[in-house]
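Both complexes below contain chain A, partnered by chain B and then by chain C.
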Partner chain A sequence: MRFYLQKIAFYVVALWAAVTLNFVIPRLMPGNPVDVIISKMGAAGQPVTSGTRHALEVELGGGGGGNVFAQYGEYIVNLLHGNLGVSLVDYPEKVTSVIAQALPWTIALVGLATVISFILGVGLGMFAGWKRGSWLDNLIPVTTMFQAVPYFWLALILVLVLTRVVSIFPYAGGYDVAATMPGLSWGFIGSALYYGTLPALTIVISSIGGWMLGMRNMMVSTLSEDYIVTAEAKGLNPRRVRMTYAARNAVLPSLSGFAISLGFVVAGSIVTEQVFSYPGIGQLLFTAVTNNDYSLMQGTFLVISVSVLAANLVVDVLYGIIDPRTRARS
Partner chain B sequence: MSLRSRRKLLIGAVAVVAAGALTLSGCSAGSSGKNNSKGTTSVTVFDGRVGNFTENFNPLNNTGSYLSPTNGVLYEPLFYYNKARAEKPVPLLGTSFKWNDDGTELTVGIRQGVKWSNGKPESADDVVYSLNLVSNNPGLNTSGIKWTAKKVDDKTVVIDFPSTSFTLEPQVLGNEPIVPQSIWKNISDPTKTTNTKPVGTGPYMLKSYTPQSYVLEKNPYYWGTGDTAPKVDQVRYISLANADAATSALESGQVDYMGGFLPTLKDIVAKHKNLSYSNSPQATTAIFTCANASMGCEGPQTDPAVRQAMYYAMDRTQLNTQALKGFGLSASPTLILNTVNKSQITSPDYMTVPQKADADKAKSILKDAGWSLGSNGYFTKDGKELDLSINVVSGWTDYDTVCTLLKGQFKEAGINLSVNQTAQNSWTQAEISGKYQLSLNSINMGVSSNPYFQYSSYLASSATAKVGGSATTNVSRFSDPAVDAAINTLATTNDESAQQAAYKTIQDTIVKQMPYIPIYVNQALAEYNNSRATGWPSQDNQYAFPLPWGGNWGVGIVLKSARPVK
Partner chain C sequence: MTTTTVSLDEPASETRPPIEERPASRRRLNGVLPSLSPKLVVGLALAALIVLWAIVGPFLVGDPNAISTNMFAFPNGQHWLGTTQTGQDVWTQLAYGTRGSLIIGFAVGIMATVLSAIFGVLGAYIGGAIDEGFSLFTNVFLVIPGLPLVIVIGNYVPESQRGLFLIAVVLAITSWAGSARVLRAVTLSVRNRDYVSASRVSGEKTWRILVVEILPNLIPVMASQFVFAVIFAILGEAGLSFLGLGASGTFTLGTILFHAYNDLALTQGAWWWFVPPGLVIALFGCALSLINFAIDEIINPKLRDQTRSARKRWNLTRDQLKAIEQEDVR
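Coming up: the complex of A and B.
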């Protein structure tokens, strides 16, 4: 119990630090939203006069008033009420609802892709380590090469080949907007899966190499442990030796890596979503940053920090279950 | 300006991939038609939106966050002011207008028989209500001047202004949406509503909405008949992340109408016979200089001779070819357009900027101003080298290209230019606060093609502030009493000869002073697919400014002029 309490206390402190940084960083950035809107209006041929600035300041509300500590207090109170403020890009929409629109797409796409990549990579790595020198070993350099290629480049090439040269996949979007409406219908889910396949494929291809290599090498060193020899000498079923004795111990380092990559599911999707015009949180963050939309940025960063922390917490706890040694106190 | 950044972000990669796509694929535009079997005709529009749409159809919102068809397609103003060509305002909900001699009273004729998209009649009362709603709400009134609209009879509305306000005409008549009183009187704060069930008089009305795409349908009660009635049944709006996806969508026939710079556009149009484009340049790309030492500007660019030397030292043909693939037009040193504003340019010498570099002339201007050429090839004065630094937003590839080329071109004329690539926020901030030497930006047209808007925004003392303060639009810190007086004349008279004299004063001064050094008029490309609908604007027939962006009322005119292909 004490182990878990300590963990939770640690994560509460980490969360507070993240929330506070989240408050400070946008305030260190140059420029303010009124200026950005005015420069956009000018470019769109809207009339800009001294009255315009005043009208926008009235419309958007004071915002930056009060001293920093009062603002910080207000920020924390709002946060506890689940109020992340109002987006300026999509004024007067609430930040929470803007994020809520984008988040499911990202979690479904990048989350599933990460899980698939991990399971595939670890599984293949396990077999590669178990049967050293087999054809699976030759796969490793290939997958590592894909990991070494810059992700956006790999994705662009796949878009070119699979959507333009041979039109297997759609080139952009989250689902076929003309044929179906979002909802719990087979038409929509099928369409969303179809549209998500290519982006997911790029993520899997570009990340599977690491899992595979790590798992294979751990597997090889685990297989030389004494307890494996003992298990084999006892005449245990090779499958049982492979899974319960070798793989369970070999997967531990990969699992902590998985925790970190799960946390970055939300954050690491900016490039994917740019390349595939995918309607997720990466594009949202990008828009927020280019428009000085502090509240939207804060909201997005908050979601990212919380998801990283939550993923770490979950895996920390699971790790304790899989590997009891981490719970023991010396 | 975020549209620009969206468009240009991935263009480097796009050019390569798009070119590859062109050579490798022979697929033709229009292969995946969306005209379904029931005979419903539909066109798809890409308005530059990135990521999810956010449901907001509030036409009064000033922050630009309403969805782009709100103003022009769903809601209409009294008149349409076409910035793409010189012509009289096009009557929409108004039929005629007339100023009194003082410019304090504007009499507007109101169109009869107009209905809202819910079938209820629209009247002069709605016009009065809408205009006063904006005037009385400080969060909506961007002009800072309060007017009062009054109904005279069912066909006539009179708008009173506190002072001479000729220049407010395009704002009041052409940029204020007319909204139904019966709905808006129940909305407590019109700046904060998102108006998710829009009821307007425009040619289209909202049919269905999702965050990824929304559909408009023909307004059955629309007042227009014949040529001015919409004929395409449905208009779908989609979002795409970047120019790469937009190119793909255009080539595969999934977008019928979009705006944006595609570097390979000429090749694309040559490959696909159904595609066409129009170019309506309006914004003059220019080197903004912090020019006025008495307002606190620092650096060699405060010397007019240095600004003149830069003006002559640049090879604009090369800049246009390399940065814009030749889609830019020649600029005028008067900062207004030599196309739509031709009659307001007061000297034939001011029509176009030199297209070729003249390094010798640049050097002689500098020598006459007391600069001397050093042994390293750069000018010096009072022991200081002629070093200038220019701010440019990194990722705006056309601007970045211009700056890189200018560095070489200026070197020929003995000017040492260093390029400072920066994020958009700090670029804007540097201009507003005046803490910069040179900055690459553009002179934008105002709410109509009247040159008053450029001159009052970019040259008037009232639009600037000392370095360290916030300049609204006149970031050059230019200030000249004669120019201020001339701008005031433009604002207060309707007399053409007085206006021409004022133009001459302004133009003679700025051509000499050169607070903004024009380069070219930037492209404004719109692309069309003619396989499902025709009647789009063409290069020769720009009956409306076509770029499908938010705030452009012309989109409504374009969409109601589109005709389905039988």
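Coming up: the complex of A and C.
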């Protein structure tokens, strides 16, 4: 029980840090962020009134509006009420509802793609480590090269090849806008899967190498343990040695790495979504940034942080169940 | 300390001469230095080539901003990689872009390594409340997603102030945490070894224990982390620039991709505009990964021996080789 309490306490602290960062960053920036934004909005031809300035000052500080602690208190109270402000891009839609529309797209895309890539990568890595020096093992440097490829560049290449050269997949969007409406119908789900294949493929290709390499190296280390020798000496079936004795122990670091890599995958998918005009949270963050919609930007950042934190918490708790040693150690 | 220069330095292999003078130290160093496996040779050569190109290239080509009426020209004798929408030479831009990206990569690599050393090594060595505090701080930074944070920070800074250095600092702040956690674990295990206790008992000063007794053991790990930090920084900068939030007024590989994407290179089928920048990133990342494999084999000797290619050098007969392999595969 103590283990879980510690974990939860840590995530409360992390959550507080994310929330506070969101509040502090505009106030720490050199110069006055309000001036920067006002000049940006002026340059973009957006209407700027005295009310705009006041609203921005309240939101980002920098003006004379009360001391910092009072502002911070107000900010926290607003957050606790689920009040993230009103979006400029989709005026007068609330930020929370704009985000609620985009979030399922990203969670489905990134979640599914990450799980597929994890399972495939760990599986292949297991075989590469088991038969060291085989063709699969020699393939690993090649997949690491894919890992060093920028997500969005790979997306560009895939778009070029699979939508321009041979048009198998649609170029942009989350579903066929003309043919279906969002909802729980087979037509819509099929369309969403079809449109999501290419972005998902991008994520899988560029993240699978890391899983393979990690699993392969752990497998190699595990195979030289004494209990593997014992298992072989007992004359156990090689498949059993591979799965139950070696792979099960070797997969642990990959599992804990799964949580950490999630933040990286989310980051990569932000840019990828941009390439595919995918209606997810990354696209939203970008829209907010380009349109100077600061409430939406802060809200999106907060939601991304909270989702990554939540996913981490889930993995951490599961890890405690899978590997009892972590619980004992804490 | 010669080892540091050799493994941390950019992969120009000429940095070895000091070793030649004393046979004794050479023997010791040979244990630490990666053996010249094909992977390492290819990695070093590729990385050296790209670094050299980044240093020399901009002096050999013309003005990257020069425009001409020759738009979207296919690669030809005059324009080796074709031209952009405004008739700029892609090859020229690539030279400047590579330089910009590498500067950011190495700057971030150095800063992130220093930060991770401070938070990982110092905390673990001092122990107590400082360790707890540093460790919590590290873990919080680890779970807060980096790129969204960078996007948010980058957006608050006026474009005129958004130079290469600022982008590098922001990327460094968001990328040191993972390395710090690993360094902390390694330091904890080194700190409790007998020879460290012995030197403490014999009255060595704290800084000397840290620098002379502990740090050399961390160098392979730090070298590998530095290499990864460089890759991640180049990727992160490319993503940031691709969204139009990168360093202003300078060429990086990301800004080339940004212009290519926004000036419809994709719909025009101008692959020569956006394929080369990504390819340079991928090749450089691949080269650094290959170097990292070699470093990994020092840290974890279990990964080193017994591969098929190593066995081929034992001058065994075919039957003997087969026997060993069968025994290994089982």
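Following the convention adopted for this analysis, the second predicted complex is superposed on the first by the 280 of 330 C-alpha atoms of A that agree within 3 Å, B and C clash if a C-alpha of one lies under 4 Å from a C-alpha of the other, contacts with A are read in each partner's own complex, and residues count from 1 in each chain.
One rule holds for everything that comes next: a residue touches a chain if its C-beta (ideal position, glycine included) is under 8 Å from a C-beta of that chain, and two chains touch if they have at least 3 such contacts.
The structure displayed is predicted, hence computed values, not measured ones.
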item	value
A:V48 touches, of chain B and chain C: first, second, both or neither?	first
Which of chain B and chain C A:I270 touches, first, second, both or neither	second
Which of chain B and chain C A:N217 touches, first, second, both or neither	second
Partner chain in contact with A:S305 - chain B first, chain C second, else both or neither	second
Touched partner set for A:K7, first chain B, second chain C, both or neither	neither
Which of chain B and chain C A:Q101 touches, first, second, both or neither	first
Touching partner for A:P279 - first (chain B), second (chain C), both, neither	first
Touching both chain B and chain C, residues of chain A	29-31, 36, 39, 152, 156, 159-160, 164, 274-275, 286, 290
Residue ranges of chain C touching chain A (in the complex, touch as defined)	39, 136, 139-140, 142-149, 151-153, 155-158, 161, 178, 231, 235-236, 238-239, 242-245, 254, 257, 261, 266, 269, 271, 274-275, 277-278, 281-286, 288-290, 293, 296, 300, 302-303, 306-309, 311, 325, 328-330
Chain A-touching residues of chain B, taken from the complex the two chains share	1-6, 9-10, 13, 17, 20-21, 24-25, 27, 34, 44, 50-52, 54-56, 61-65, 83, 138-145, 171, 175, 191-194, 208, 210-213, 236, 238-242, 244-245, 248-249, 252, 282-283, 423-426, 428-429, 432, 442, 444-447, 453, 457, 462-463, 470, 472-473, 549-552
Contact footprint of chain B on chain A as seen in their complex	29-31, 35-56, 58-60, 87-93, 98, 101-102, 152, 156, 159-160, 163-165, 167, 171-175, 177-178, 181-182, 273-280, 283-284, 286-287, 290-292
Residue ranges of chain A in contact with chain C within the complex	10-11, 13-14, 17-18, 21-22, 25-26, 29-31, 33, 36, 39, 130-134, 137, 141, 144-154, 156-157, 159-160, 164, 217, 220-221, 224, 232, 238, 259-260, 263-264, 266-268, 270-271, 274-275, 285-286, 289-290, 297-298, 300-301, 304-305, 308-309, 312
